[in-house]
């Protein structure tokens, strides 16, 4: 229905998690909420609650202690969801690449949809990234609309993703 | 408390300070450390920029023949400008525009390129060593 | 027919009020703010999310919260008993707290306890205001109350008491203790997600309509009714933007100390026949 | 530590973190509360350990070190860069030759950073108190400071302006005059901040008498920075280990005696005035056009330390030079590391709703602490 289409990409509620970044991107993320940039124009709210979030904004190169928490948070966000890696170090490690306690980037732990470059990412870049994420959110929302007779099969297939197997996969790495 | 109360009500009738960014164009200050652009003609592939780069965002792939490649990863760069300062030929210029975000498909496979550059550099070093060894033995 | 109209239109008006709240709040902070129909976008999105169920009881309580809030509003607008309205309103908040207690989440428990304090703070002034209305009109039945004109003239202090308990009812700073975003991230509603959060979101709109109707009672028959409602809401928002959050104990104390004597004074003056 | 008996059965355990709205950084605090009064606290701060000290002795040569240590913490990035650079310069033995202009530019960078950091934390403190409007206003004012930094150094957060032997870019006269204009605007907004933290009733009511640290306690736990100064301890590394020209400019150490959360905020506010004065002095005392970068030929060869006053307090760098390109040992002691041990002691007996403001009043930076 057309009216349902409207709601898809108009109200992204964000969840922000710092996985060991330098705080630079985190404070820019907070700055994005303040009067100069004001992303509430796009309906974006900092919910801070994974169960009510749509967009995960992740900063930092994912330290080894953070990755299980990151995975937990990712699994708690209901679909459709989009992951945005904010800042150089969450995209590929940045200066922290190949340090001993660091997974090089968020993509090693959870799938990432949009990469926002910059060290630290400017508010303008973050807004650009969010706008891009909104398009992806709309597409993902469409992909969720599976015809009812196929729903059983799809659900069965998606049941394969559970926390234990993902954790096992992480430990093996 | 009272002052903020009055200010809040006054703000209702003032213009908001928000920049409507994606709809309103934003011009960065001169001297903003943005994207790195590379001029092919001036570059001699001396690898100084690659060595100066803190985060390893510049890789120079020197294949066996004349084919050489300068690769810069926008999502690995920390935009410190050290490569621009280290370039003796002025082949690198830092633009004042920031890089835009990219999606999954547009991303370079950086670990693959890192490996490749390492392999090529090793080979190149070995060749250099062999040549020196030959010269010494002669 | 009237019932149907109320059922359809009150959420729409509630959504618009909620949108206006967010817009005005943003403008007070010198921001642009979301479009005024933003709450509807939010609701549509919530309905389309993949559901995550925690336990059945939890979800049941969310729906009970919504249904009782809707009943309270319908009773009010259809001219039912004022005491019933207040009872339904309090009951609906209690259901929210009960839903929050059904989990093992610490934030949820803290939020639920605060929600109960919330009921404790807000309901007594409302009840006393109802008693005051009964004194002046001789009935609790709203359909009869609707016929009296400009109640504010004879009970101005009660109206002030209602204004004083508004920040508590609308969960605005200084009394937004039960959702306290920076402390317990939404309190009782923290574990609801997607389509199960939607009824709670809707109930919030309905509560705003209910509050607006409560203010409207005092200005019946006056052309200023809309202006009065809008002004009191703007005052609440300005207060929200000029105070820090206080503790739940302060909320109960301040609401009672300010609102109860005001209503009491009005009752006394009405009894003496001064007003 | 105060001994309070904890009844396990009626206790509610409230975890806070590692992901929480009031915390921009991952830190886990677990509170055992009775009737929302905190009875026991446990801390876990090492979520952000990345191994930067190790990498400085294995991966990066000393010329890249200022850029890498800048990424320890984005809020006090330039404080880290300067401390590292000064320590390296002392290790190489060129710290006496650094021209005055370089010192001035570094001072301007550090003081701008201090300004934005103090605005940031005071705004965030107001937000966790539930006072959203102050947060929005202070962060709007903070944008002026960030714009100034953007104009001067080419970035908003990570300035990356310091390098071993000098600075990367000079401030020309045109920008200098523009900064002086911006400084007036900044001073006005500091005045606004002062008014808020002294006059605003609800905010003062919440912060007054919250988490009192006496002078003796502050000595005992070795507090640093604004938290120590709010308790009356007169300490400032800008005076004690002067790499710039702070002693010449007559920097005043601001102290207060109350030692509560409000005093910590007010110390920060008053320091902002002092920072603005320092920037003005630095701009006036030197002129552009001098040499801004020394040629560094040697490698670090001596042991050297540098103590620098970051926005949060004393920042300590120790570098062991080995004569090679890569130093043998880099030791960093960050301000928050010194400020954390007292937190469990002041938190006991506090209501849970006062915990986020109390935590924020100490201005914790876990990225520094975890490294």
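Just so it is clear, A, B, C and D label the chains in written order, and each chain counts residues from 1 on its own.
As a working rule, a residue touches a chain if its C-beta (ideal position, glycine included) is under 8 Å from a C-beta of that chain, and two chains touch if they have at least 3 such contacts.
No experiment lies behind these values; they were computed from the predicted model shown.
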{"item": "Intersection of contact partners for subunit B and subunit C", "value": "A, D"}
{"item": "Interchain centroid distance [CA atoms averaged], subunit A/subunit C, Å", "value": "34"}
{"item": "Centre distance in Å when subunit A and subunit D are each reduced to the mean of their C-alpha atoms", "value": "29"}
{"item": "Averaged-CA centre spacing for the pair subunit B and subunit A, given as whole angstrom", "value": "24"}
{"item": "Junction residues of subunit C - those touching two or more other chains", "value": "26, 28-33, 181, 185, 241-243"}
{"item": "Shared-contact residues (touching 2 or more other chains) in subunit B", "value": "1, 3-4, 8, 16-18, 20, 54, 78-80"}
{"item": "For subunit D, residues contacting two or more additional chains", "value": "20-21, 67-68, 71, 133, 136, 140, 155, 158, 200, 202"}
{"item": "Overall pattern in which the protein chains touch one another (line/ring/star/complete/other)", "value": "complete"}
{"item": "Contact footprint of subunit A on subunit C as seen in their complex", "value": "22, 26, 29-35, 38, 40-45, 47-52, 181, 185-186, 190-194, 197"}
{"item": "Residue ranges of subunit D touching subunit A (in the complex, touch as defined)", "value": "18-21, 24-26, 46-52, 54-55, 59, 67-68, 70-75, 77, 120, 124, 135-136, 139-140, 142-143, 146, 155-158, 365, 367, 370"}
{"item": "Contact set on subunit B toward subunit D in their complex", "value": "1, 3-4, 8, 17, 28-29, 31-33, 54, 78-82, 85"}
{"item": "Complex contact set, residues of subunit D against subunit B", "value": "60, 64, 67-68, 71, 133-134, 140, 147, 150-151, 154-155, 158, 160, 168-169, 195-196, 199-202"}
{"item": "Partner subunit B, residues of subunit A touching it in the complex", "value": "35-38, 41, 84, 88, 91-95, 97, 104, 112-119, 122-125, 127-129, 131-132, 136"}
